[in-house]
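Below are structures written as structure tokens.
You will see two complexes here that share subunit A, one where it goes with subunit B and one where it goes with subunit C.
== the complex of A and B ==
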């Protein structure tokens, strides 16, 4: 095995070339972009080096709106989707009949195009001059008055966005939690039964600690995924998210790069780095908290 | 006698409790199943309503008595849906196959070959896993633009074909193959390359297949990169294509025709899912990311 000394690098060459060009170089480049002030993409020149781009982005009302939207989205969808997924997985794990059928259905959103199915949610919640929308049918049935969820008040729009996001992220969580629950050693439950421990006690003292690493993993990936939200918002509210007050951080970065308000790679870079710092901070905080509550 | 009846009573209440609990569980699961399935039902239903009947229902109807397939005809004639479809197919197939080639070679190098700096290179690769796509998208956009590859398939495909995560996944699988096989092949005079193609790949077929499916799903559903890199409708994939259809597709807001397009876009992956359900779910449980 010692003979093929450099052949290994040859095998790695394509991966290194592409990772270098599209991962490592951009990483350095994006940091440089973000501190070049007054960069002009036509002449490729800039005035000086400093933190102006960051200050511009942080004072841009569109970015602040995007920041606010993303934080609300994260704060609502991560706990909601994780707890519903836990509930469903517990249910799935305690049945035998029809289990495969339910699992198959629950996983369906994973294989659908977020943009396409988002349009279905859009028309379910939309209220136009011609139609009241299905959601309003239900609201009216329970005696409420119709709300325009797509072009209406901020909280109605945020509700739809959160609802759709939860719908989209659920399959992955249910699948992961179901397999985690199934892998808990049956002996623990048998022991608890002999001690006639209550269901609740069995859950909090055995099930939860045993699956805590997976729950924690889901929370982290949930945070990261929700911070990158963009496609779902586009599907619901169209490409001009700034006008709809529903932009997200990634949406802001894309808009800055290209589109009607585009052509500012410096601002986009600053936005991307801010996003990265936020995600990194949250992940580190999660790791710190988990040390206390997660049993490995 | 009295003892026995009290035992029976206990047993009965326990059974009743269990039945009640089961009923609640099934109700909960069914409720969520309806939540999942309803949007699919709604898109099918709307896609077979005619334009006039859809717009005359101020309160939407939950069924239709006059199904029509006109919307599907419209979806393929009034907007370039088949064009978007072909683009997505080309994008998905080329990105997946290129990614597989790169992944197989790199995973093989890490798993079975010995060379200077291997562990260092592997550590660097793992470190790259932490870098979110959104961070590098800015420069990649500029790079592709400068290379003149906007609105080309190459520009769509190239940035995403080297995936550290899949390399890692396949390397783990490759490593499970006993080294004795490698030595035996060496004794027989098999080259490293032939060993890779004749032994490793056939043995690890399931994992390679899973990676391919995961990547294909990812490509079919990707939106951010195609949106940035294409502004010529001839190169739109289904994700930004459907958005284009929504914003300036069928003239007036023709929701039923739009839903027909949505159905057409959703069907291929759903069929793929029903055929390969097991390996897709296992693959996602191992290395899914969308969540």
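== the complex of A and C ==
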């Protein structure tokens, strides 16, 4: 028995080594950085230990802006992208003709180059000397006046960021949900039909509970992904996100490390730990809620 | 309620037009099921019996022909408005709902004038749960039930909306042997009690024989014979029906008819046959053998199996279509040392079939 136990640990060793090296050690290291006050990276020295870094970060207007942006982004994109993906998958699942073609089309964004995507969004939203962008052309057509989506008002920029995020995460969600829907046994639908369940009732009472583990998985990963958003904002609004009021938490952390105002690993660490706590809390909440509503 | 099928045909078009031909799953079905009958649809796998069931419940629509429930033509009526209850082969219980919620589900779907108050729903659910004896399991999930219990829940769910017809697809195939026996008696009891016209599909002839009022024997989408179980067993229409019904199966010999007698090899085994001279298959039920030292049918003895009440004599004969001849006798008057065993035959247990058509030759 004892011998077997050791063997088990041996099998686990590669995974444990990697997780320890790249997950646990950094987490501990960052926690330590975040409580070292006045850390100087050149001399590798600090004045004392305390919570000053947290206090600084939590009072920094840029961080508060980033916090607000991130929460708006999460609150909008996760439900919107998941429900739209569900609608698309249901549609894909119910058609027979050209199904594969549509599946391919919906999956294309997943394999499309980020730069190409950026270019498309430029055409859609960017206002230049020559054109107001495709989105504005539509607004103008319906009698509205042009909006500057990239350098204009806050809500317009937030709209573009959300739109972009939803669009980028959609293909994976559609793919996952389509396969989840396809895996529901036809017999349940037959039974529901015999029992004269309406389409809506069949969906809410049978389909949705059956695919709930996958929906739940997408919601959790969606939350985590949206909390870690950074690259999308840079692609749309450039590197000076603080000036554009479009910074995210991860953006703030990066700026603290490498940006123009950077060189503050302690502040960055404090920000990272705050993000970690937020994501952990949200995920735990999700798990609690799922116990009630997710059928395994 | 009476169910009438008229020239019902279901053809599955071939996927590959060049190589495959169309599959005719159900071929020109016409029969009538009397109100309150328990009907067993019997046939080997792939014979189209499940398709026939799906046509009756409306999950599939026929290529041609019509279905009547009493006087109503329901051929074009969608399944949800046919008022049928179906028990699926794997029961199709909703795994995320409790037993109670599963049973309530069909009632909660009722709309408009059919809608019933919540308390009535509960009463009806409890009533059918009592009928199938699962009243104590109402709060459990299907995964927490045994196979037999799941099947009862499936029957309860099918019965709760008071269907005009109850359809069961291979209802006993997922149960172990003992439970199967018990459950089929149960089904018989429930059917008697509710008086619902019931059709069930099975490939197990014993199952169909034991509880059905009427059995319908199918092969390759065609009806081979319809009748009361004992009647079909005693008077099979052709070689297929004769060999499909009965355990142990009927023994088939190659033989011929000459001058009013049936011959196996050179021995006249049955006399007084009113048929012209021809090559035939001779089917002998295992219980049609009588041990008789002077009997005309001489077989090479292989072994004797004691089966409790009876003994089963396994022997060989060169004219037999299968490798062994199995007979069941109650007397144990056999010398186990001898290498030969002789039988005389009970005429009512011997059937002659034309070698060409495999149809029964009635000698009466």
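As a working rule, the second predicted complex is superposed on the first by the 266 of 296 C-alpha atoms of A that agree within 3 Å, B and C clash if a C-alpha of one lies under 4 Å from a C-alpha of the other, contacts with A are read in each partner's own complex, and residues count from 1 in each chain.
Rule of thumb we're sticking to: a residue touches a chain if its C-beta (ideal position, glycine included) is under 8 Å from a C-beta of that chain, and two chains touch if they have at least 3 such contacts.
These numbers come from a predicted model, not from an experiment.
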**Item:** Which superposed partner A:197 touches (first subunit B, second subunit C, both, neither)
**Value:** second
**Fill in**
Comparing subunit B and subunit C in the superposed model, the one touching more of subunit A is B
**Prompt:** Can A:184 be said to touch subunit B (first), subunit C (second), both, or neither?
**Reply:** neither
**Prompt:** Where does A:205 make contact in the superposed view: on subunit B (first), on subunit C (second), on both, or on neither?
**Reply:** second
**Asked** Counting only touches as set out at the top, which of subunit B and subunit C does A:295 meet: first, second, both, neither?
**Response** second
**Request:** Mind working out whether A:276 is in touch with subunit B, subunit C, both or neither, as first, second, both or neither?
**Result:** first
**Prompt:** When the two structures are overlaid on chain A, which partner does A:147 contact: first (subunit B), second (subunit C), both, or neither?
**Reply:** neither
**Message:** Per the contact definition, I'd like the list of subunit B residues that touch subunit A in the complex.
**Reply:** 22, 25-26, 28-29, 32-33, 35-37, 39-40, 42-43, 46, 54-60, 101-103, 105-106, 108-110, 113-118, 121, 125, 128, 131-132, 134-143, 158-162, 164, 167, 182, 192, 217, 220-221, 223-224, 227-228, 231, 238-240, 242-243, 246-247, 253, 255, 258-259, 261-262, 265-266, 269-270, 272-273, 277, 280-281, 284-285, 288-291
**Prompt:** Which bits of subunit C are touching subunit A when the two form their complex?
**Reply:** 57, 59, 78-81, 84-86, 88, 90, 92, 94-97, 105-106, 108-111, 157, 161
**Asked** For subunit A, which residues count as touching subunit B in their complex?
**Response** 1-2, 4-9, 11-12, 14-16, 18-19, 21-27, 29-30, 33, 41, 84, 87-88, 91-92, 94-95, 102-117, 119-121, 123-124, 128, 130-134, 137, 167-169, 171-173, 175-176, 179, 218, 221-222, 224-225, 228, 230-231, 234-235, 238-239, 250, 253-254, 257-258, 265, 268-269, 272-273, 275-276, 279
**Message:** Under the stated contact criterion, what part of subunit A meets subunit C in this complex?
**Reply:** 185, 187-188, 190-198, 201, 205-206, 209-210, 212, 295
